[in-house]
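One chain, chain A, appears in both complexes that follow, with chain B as partner in the first and chain C in the second.
Take a look at the complex of A and B:
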């Protein structure tokens, strides 16, 4: 089997997963105690308003038919209307999606080189003080929930100790007009994902540095710098790329708490708003969006894993 | 692979004895690692604070003791919160809910995950395939997003929090433990147990389970850390599963964060408590992982 086949198969599995996921998300809506219209409008709603909303949400149609029209709409990019604001969900998502992607890309761009450097350095200083400090530091950071890190950063750099960066985003203006608001959420996410990448980089680097071709290169008299840059680094990138992809996938959930903390107008904060308002249709659409992102990135991680692992590559043929 | 060497073909008659011995030996080894010791002390301190706290609190968690968000309200140690209640008393009262919910989520997630792993890893065939496909689907949601979807629908009831957070753990735990079960299930002593005609369930619990205690304990420690983070995170989003005015560490951060500038204690103290708790439990998990040689810490969560 060629690598192309493997990729196509994983892709098909990804699409199938998304289809089943959509079933779960839709079925979750059916679990609402009472009915969705009452959940949205609350106990005090008049019968007329309830009836109107039921009509709008097609609650009187059979569930299977509703599922098919929902999934058909999703596939064609129509995510339905918010039952709170009455606006199309796509309109709500547009800018938020851009903002969230901006935040996640920034976090990945900062975290990846930083972790690769730190992991390599730690591996080169194996069992010395720097290595132990990195090991403990990454372990502690990996333990901390992202909102805990975020609050500490807020305390240090935006409110009490220093006032360098704004604590919240002005939602009425585009994010790019106020780049300073990106700093603290980005740093929070970087601190959340870097420990995992650093640890993987260190472990992989140690393995590579102990390999025969590195010994060979050293015995040949290749300068240490070249050994590192030419031989060791390229060979340890594969597994690390996979971890980076996994961490990127984690960010899809991580942004919920971080965006909410910094009032950053992204998908994560949108999810929080939808939960807060019990705006179930919007929530379902956003959850599908996150799941799609998650599945795609995991797929990417899988493919990178296959491509980077010579044994799997050989086995796939 | 040191495990293979100390399993002679003759020992399978007494799996229980070996099981307790192995788990105890693992814990004893873990206790020699410095970070396990530090982790246990930190965890014990925070848990002690949460459990004994309610009896030591100078005020009740709902009592108004001064004007809102005062750093130096008379008669208080750390000032008042956004409604004028004693921050210290709310800190002492607010840990129990986080702890109980996190422990229940962990028990549910690891317990069901273990069962799935034992069935899937040592049953194989279509059951394995089906269970792993289901867990793939569940893995397509980040844990917090899955929890939020169902909590929005059911409301933030304590049982719903335990169910959704625990369910989020199941596929992740099952995946790791299934791999461990698969490794063990092709070993000779399992084969001989099969040859002796032992029932599959007694092989699962008698022969397989005792030999995956290492990964199981590491997984339990990790899941406890993530459970604390998730439960507190849900509290931070206002979904704590408690009555409106009850204290909860996650909720305290949410309630008081707009007052961070004037009264940082109301936010910093619960943040410190949650942070220390997760650091403590994660240090213990890491210590156990190091003691059970051959268990790699994973790169995902």
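Take a look at the complex of A and C:
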């Protein structure tokens, strides 16, 4: 299969996925008790305000029509207005998206090389103490939910034991002016995604190290370093790249909890607040954004998987 | 490349191995008392069944061991240096440069992510870093040329998966010879290749050793192949050399009973020897008996044999054997040509007319017609890509993209097993090529055998189990095998199980798809004997699919030769061998290695 076909096929699947998600997200808005305007404003709302909001949300139009105009808007980049702040959602997203992406990129940049190194090292020390320790450590971390890790980190490094890093972010200042706030959320995310990548890397590496071509490279008199870097690593990166990408996709969801926990002003925290404020248009737009990110990262995972395998890549040349 | 560079030099010391022993981690010897001498420019054939330690011995020539083994004693002297005493760092200078290894399966031994040209050049990068890169490329090109591969840029830039099996193996050989080594170890390099490719590879190996004056060890389970290439042969049994001598002498006058039995297990192209397997299996390292290790399987064994390991004695003509009754060993009996009893033409069991089959847009078989008479064995002979497996699968209902007519016992036979009645499905059985993947590893042998009976004949559980146990005994495995799992069985045993599974539904036609190609020659003979016996006892009809023309002579009454999806010759076996009509058949006959000198 050529890369072109992989991309086209996965893109089509991605668009379909987004359509399904949008349907679910939209339907969820319909299912709220009473009507959406009342859900947003609560019991104490005056009839005038309710009416105004109904107008703004086009609640009097038939649902299907609303759905089509909604996704039409989404597709053209118009995410609607927040019912709380009355600002366009795009404006709200702007800064939050940058913050979230910053956090995810940082987590990915730390977690990926770290896990690949750790997995390789563990494989090279197969069945020795270091290997067992790594296996156990990653297993424990993999089984801890990220909010537990986050709370423990908060406890250790910003409140009770040490006070090295701030526990929350000052939302009034740009994140980059207070880089220390990035540390704990990043570490939490790294601890959440690394175990999977490490374990996958170890398994693939072990398999590759035991392959005939690695044995043959040694019998050719190739130094151990070259055996590892030239023969073993390229052949184990392919399967691992896909796990890395899947973990990145997971990050898109994982940040909701982590950002909330550290009061970090990103998309995730935005979702949390939108739920809290019953700000339905904002919530729907943000969820769709996360879903789109998910689809794109998965697509990247597939492309990397193809590129790393000459057998599949062959068709592309 | 400048013509003045004469690859290889005269006066090399060759290889000298003395009293080499390789142990497991627990100290159990896997090979011991290994003494070998291979002068420069000569080829030593190392013959043994699986489990004999032949690969271990081959790797030990590079002072390399695998899977927790270690060289416990002895020396491997190459050009005056004892490799067994070198450190890993020093060995790295030798491996690939002065001593190289050609592995058995090139599909797994070439790095899938590296271009083949680079993969070969890499050897020079590490061992001849003194010479310029352009010169290294020229060396790679010369090596490719020597093994008959294209030398253009485009070919160099290919990945292993873009090459055929034969080309991949030639890459492996080019890689081994590119540094003009003093010793090359070739571990079954032609297993799985077609005869034409195999004969090319053998010729190339011979040429290269002559040309570069390098010593070579050629490892194989197949004496016929080894005789083709080796000057001298050493026969390895249960970790020790049992017989060694000049190739023709050893094959012509074997002085060890094991060698004599190995010769009898090689299918004879002339049909003058009866094909005979060796009962039992070679012992694994920790179950080797005291005294002569072959004693439990030896027909000449006497009490003295089990007392101590027989010494390796000179029996004259540069020929030695490890047997106290070496003088009593007789070569395999030669008899007059087999004459096939010409039955009065039996009723056809399966008739194929105008068969076309393929995969999607690719046509594999075109307008093919074939008649399989009841009660006989018809061989379907062809090389890889000839369409023989597609034909076999189509007949067995495993492939349904086909058109044409099939008639089975006079009735129309639909394509695809889902369109066939249970009775018909039970009447046509199939044995697959690879006994390592055709049995479900999670099912006991007994369950695997009983299953067709339960599914196809609706037999109840207890009866099915009883019948499975009977079937196991029929294929010469004891009934207690029923509770074992496939991974506890040897390749030959698994293939017996597969035969038992195929026969339990009492089929009329048994399709055997290359059922011996994954097995040692000695085990192959056993399986062939078994299915021949079943044919006589059960009145079976056999369709025997194979690439091995010598084997055909020993099993089939009729041969259909398949080339490029069409039958190019269809004749009674005797006629095909004495008077082949088609050039392709003649070529195959010429290229097939034989023991007859």
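The working rule: the second predicted complex is superposed on the first by the 304 of 317 C-alpha atoms of A that agree within 3 Å, B and C clash if a C-alpha of one lies under 4 Å from a C-alpha of the other, contacts with A are read in each partner's own complex, and residues count from 1 in each chain.
Keep in mind that, in the parts below, contacts are C-beta pairs under 8 Å (C-beta built on N, C-alpha and C of every residue); 3 or more make two chains touch, one makes a residue touch a chain.
Because the structure is predicted, anything quoted here is derived from the model rather than measured.
Of the two partners chain B and chain C, it is B that touches the larger number of chain A residues.
In the superposed model, A:274 lies in contact with chain B only, and not with chain C.
When the two structures are aligned on the shared chain, A:129 is found in touch with neither chain B nor chain C.
Legend: residue contacts after superposition of the two complexes on their common chain; A:290 is shown touching chain B, with no touch to chain C.
In the superposition on chain A, contact of A:218 is made with chain C only, not with chain B. Of the two partner chains placed around the shared chain by superposition, chain C is the only one that A:235 touches, whereas chain B remains out of contact. Contact with neither chain B nor chain C is seen for A:64 once the two complexes are overlaid on the shared chain. Once the two complexes are laid over each other on the shared chain, residue contacts for A:25 go to chain B alone; chain C is not touched.
Looking at chain A, you'll find no residue that touches chain B in one structure and chain C in the other.
Contacts from chain C toward chain A in the complex involve residues 59, 62, 64, 66, 91-97, 100-101, 103, 105, 108-114, 122-123, 126-127, 159, 161-162, 175. Against chain A, the residues of chain B that register as touching in their complex are 35, 136-137, 139-145, 148-154, 225, 228-230, 232-233, 236-239, 253, 257, 260-261, 264, 267-268, 271, 274-275, 278-279, 281-283, 286, 296-297, 299-301.
Across the complex, chain A meets chain C through its residues 211-213, 215-223, 226, 230-231, 234-235, 308-311, 314. The touching residues of chain A, when paired with chain B in their complex, are 13, 17-18, 20-21, 24-25, 28-29, 31-33, 39, 136, 139-140, 142-148, 151-152, 154-155, 159-160, 167, 196-197, 199-200, 203, 242-243, 246-247, 249-250, 252-254, 256-257, 260-261, 271-272, 274-276, 278, 280, 283-284, 287, 290-291, 294-295, 298.
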